[in-house]
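In the two assemblies presented below, subunit A is common to both, partnered first by subunit B and then by subunit C.
Coming up: the complex of A and B.
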């Protein structure tokens, strides 16, 4: 692949006290692809995601975005680059409705003088939210009931729609289907495909191998804080992925 | 496309049910208020006399204003125990300035005009709130602890400044140009006491703040999921600090109003006001864990407590029994709230169990009613 990477991580190191979460980890994302990040518990997946999302700084190593070196001091800097993250705990505000959640921290104010006084344009935000849900085929009908009352699948749809609405380049999803049933998982995976079809790259962390094989274009495998293998999904199978995850088979050039 | 129509129909149905539920939840406190009014009106003919209603509402206003500020701190998941002391301190500051302030290190005594007194006193109240907020948001002191500390500090400062005495010369004199405080803060307009106007103004202002501005959304978001708010780029620390500043200002307003009402500024004013305010907020349906609560509910809560206490006095119940009854009503109100939420929760589980498993949009639209209880 001679294509320019969208995001490239090189030699990322992160220690928590004596725990070495990442020991010189590499990672690549190409524009417009769904790349699955897999690995056993403790492989460093969540840590790497937090670094790419700007939640934690790495102790060492470089991040390149569009080939340019970047440092991400906090999530808003990642957001400014067009990177949005769907966190494992969803990161929604339960007492607010979907529209308020979609626009949390990016509220739209009314036009003119009233807006200058700091008044919200609730109507515009609700309309845009419903349009985003429709556009992505998210199964959420109401933009005005508090999120706390909705099912896990609906909440996940809101979180994904929120990320897709604001991300121009890359959406990161930390186990988006971990807490969902079969039908709901399928809906979220469909949502992920639609996000990719809009030209936005997606990193998905998952423990579910059939899901990884069905939704991703490429797979990168982490093990003990390093990348140990890269696969093109079409050319691989579950056995190869599991072998790489457990260290039974080693890819020499993945380093 | 029958599916869509059905979905739309359910959505509309849910909306209707949600509104009904909202009425019922808000109604719970309102029903309590209605029961109180009916009972006392039948026991005491004076209860519904216009003048009594006005006096009771004035009493309610003091608690309601403090409670509205308290609501802001409870919404983010905190609490402000220092409001009673802030109230006392504000009164003492106003009293000191009105009687004449000995400028330190000089022989001069300053007699600032009334608006300067009001601005200065409220600034001190805001400062107290700001210190609370900084301790909580920047120094990570638990709200309960930070404001408990401030409860002692502000009360202590009130005693230090006043040397324990009560200020009663609040009229000012025309030669010094500092008259009018008692009229501005303690008078009546169209036969309605000033505190009632202040209560209405504060309620409207805070209501708009909570429902129509980003600040309100941020406060609810922090109370529901502080981490989510932070990751979304909400300036959580600033939002929290501002909540305590506003709570301090609300307490300060009551400090001034109460001083004018009693025509005396005493350093011990406002003791236990924090507890009355918390009670009003909680009866009004707010969750102490944050994220849930409204100005309307808080006002109703304040009226429930205020009318109950005044009613008991009118009927001639002893002061000792008044406290017992008030406490019981607070616990009962919250217990009812919890029971209702459990009931709605059960109803929702029952309904989603009946649903076909493959329904698009993942079923429990019906849960929206829980939402309503939750809002």
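Coming up: the complex of A and C.
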């Protein structure tokens, strides 16, 4: 593709002691596309996500955003570029309510002097949170009960809503439907399409091949810490994806 | 940015309507308190007061005695305010009593240098020095926790011993007695309208202010977010280290306030009297329903939690029960409080 990439990872290396999680991994995202990142357990997907989100620094390799080299020293730098992430561990504060989690680090303060003193506008945040949940079709009724009291699916919905609410350029979702029921999974896939239609790119990680085939524009396959294949979704099928993931078939030009 | 529909006015409207139908805020506040875990402990305190009152109405439920209880609780209450924030972040501050003593010692030394240890100028210098000293040690705790990445228990155990040791070095282990009369006669033994001791008013005002900060401001929100899931707070871009530094510094500052209150009340530095302030404040905070694991904290609970040991002690003395039983009772209540906290967490955490 001649088009300028939104995000480009080149030769990313990340070791955890003896574990070589990423061994010179490449990855590409084009503006406004949904790209699926697939690969077996331990292939390095979540590790790559954390590097792109600024949570962990790579040991080696380069990141380019809009073609410019970037270093993401902490999550705020990724956020400043318009990148939001749904982590596999969700990264919610379980003792706080959904509204507090959705607005964590971006609290709305009361207008005027009292806001300058740091007083929270809880009402505004709660209303916007409920609206975001409604928009997503998230099965979260209460914006005021602690997240710890909620089901796994409800928590996942909260994390997805948070990322979708704040992203400008790129949403990364690490297995966003893993704990969701059929209805909520569909709502997330629907949300992903809506996000894309607004020109925001999406990286979705999933082990669910039908889901990958239905929602993505392209697929990139990771295996043992490297990118081993790239597909245009319309031109591929489940068999080809599985073959690439398991190493049964190798694309020579992918890495 | 664009995922929240701007047109979703009906949601807003619904919330507003609900707000309008909500009970008056004072009543709602009370029912909220009764619904959560502080309710149990509050009822326990009331029951305790009732029992002592029935057993010795002439001696316990007198204005004088209740005033004594409140005075005895006031200094511990101020220490426990800071402790509530620290434990709210899933940390702990063992050094509060030592910071109190150190602040009092350097304040007394400073006041001796101004106006011969008498007069309002001397009081002003003493207050400033005490706050600075407390804030300084709090900041040292905070820096060791956030920059050197040592566990809070170890850091504050170190400053618990070290700071008290320094205070003793400064005085040769002898209590200093330079406290201006102006301070003693107002904050120390003075009363508003001849009824409520200023010590108690100061403690309650600080409790109210920081209760509001904890519950209604971004500072309180970050405190509990960090205690609940520090990594989550980092990933949304909260400056966790800076916030922890502020929280430990606040604990030190409040220990500085308590240092001045202590000088005013006892007219000397009471170096030997604060070895168990840390355990007492931790017990009060945890009995009050703040979770030792962080993420959950209420200042109202801390207020009740401070009054339970103090009331027990007073009641035991009045009933001529050996007062050492109070220590046994508080220990048992503390273990019970942590047990209840764990049960609640287990029942609540569904995953």
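A few points about this structure:
In the analysis below, the second predicted complex is superposed on the first by the 245 of 255 C-alpha atoms of A that agree within 3 Å, B and C clash if a C-alpha of one lies under 4 Å from a C-alpha of the other, contacts with A are read in each partner's own complex, and residues count from 1 in each chain.
As a convention for this text, a contact is a pair of C-beta atoms (placed from the backbone, for glycine too) under 8 Å apart; a residue touches a chain by one contact, two chains touch by 3 or more.
Since we're looking at a predicted model, the values are computed, not measured.
Partners subunit B and subunit C, once the complexes are superposed on subunit A, run into each other and clash.
Touch criterion not met for A:47: it reaches neither subunit B nor subunit C.
In the superposed model, more residues of subunit A are touched by C than by the other of subunit B and subunit C. In the superposed model, A:142 makes contact with subunit B only, not with subunit C.
In the overlay built on the shared chain, the residue A:153 is in contact with subunit B alone; subunit C does not reach it.
In the overlay built on the shared chain, the residue A:168 is in contact with subunit C alone; subunit B does not reach it. Shared-chain residue A:230: touches no atom of subunit B or subunit C.
Once the two complexes are laid over each other on the shared chain, residue contacts for A:198 go to subunit C alone; subunit B is not touched. In the superposed model, A:183 lies in contact with subunit B only, and not with subunit C.
Look at A:127: by the touch rule set out above, it reaches subunit C but stays clear of subunit B.
When the two complexes are superposed on chain A, the residues of subunit A that touch both subunit B and subunit C are 55, 75-76, 79, 85, 87, 91-96, 100, 104-107, 109, 118-120, 122, 146, 148-152. Within the complex formed with subunit A, the residues of subunit C that make contact are 1-5, 8, 11-12, 15, 19, 213, 216-219, 221, 224-225, 227-229, 231-238, 291, 294-296, 345, 348-351.
In the complex of the two chains, the subunit A residues touching subunit B come out as 55, 75-76, 79, 85, 87, 89-96, 100, 104-107, 109, 118-120, 122, 139-142, 145-146, 148-154, 181, 183-184, 187. Within the complex formed with subunit C, the residues of subunit A that make contact are 53, 55, 74-76, 79, 85, 87, 91-96, 100, 104-107, 109, 117-120, 122-123, 126-128, 130-132, 134-136, 146, 148-152, 155, 161, 164-168, 191, 194-195, 198. Residue ranges of subunit B in contact with subunit A, taken from their complex: 7-8, 10-11, 14-15, 18, 212-215, 217-218, 220-221, 223-225, 227-229, 231-234, 291-292, 357-358, 360-365, 367-371, 374-375.
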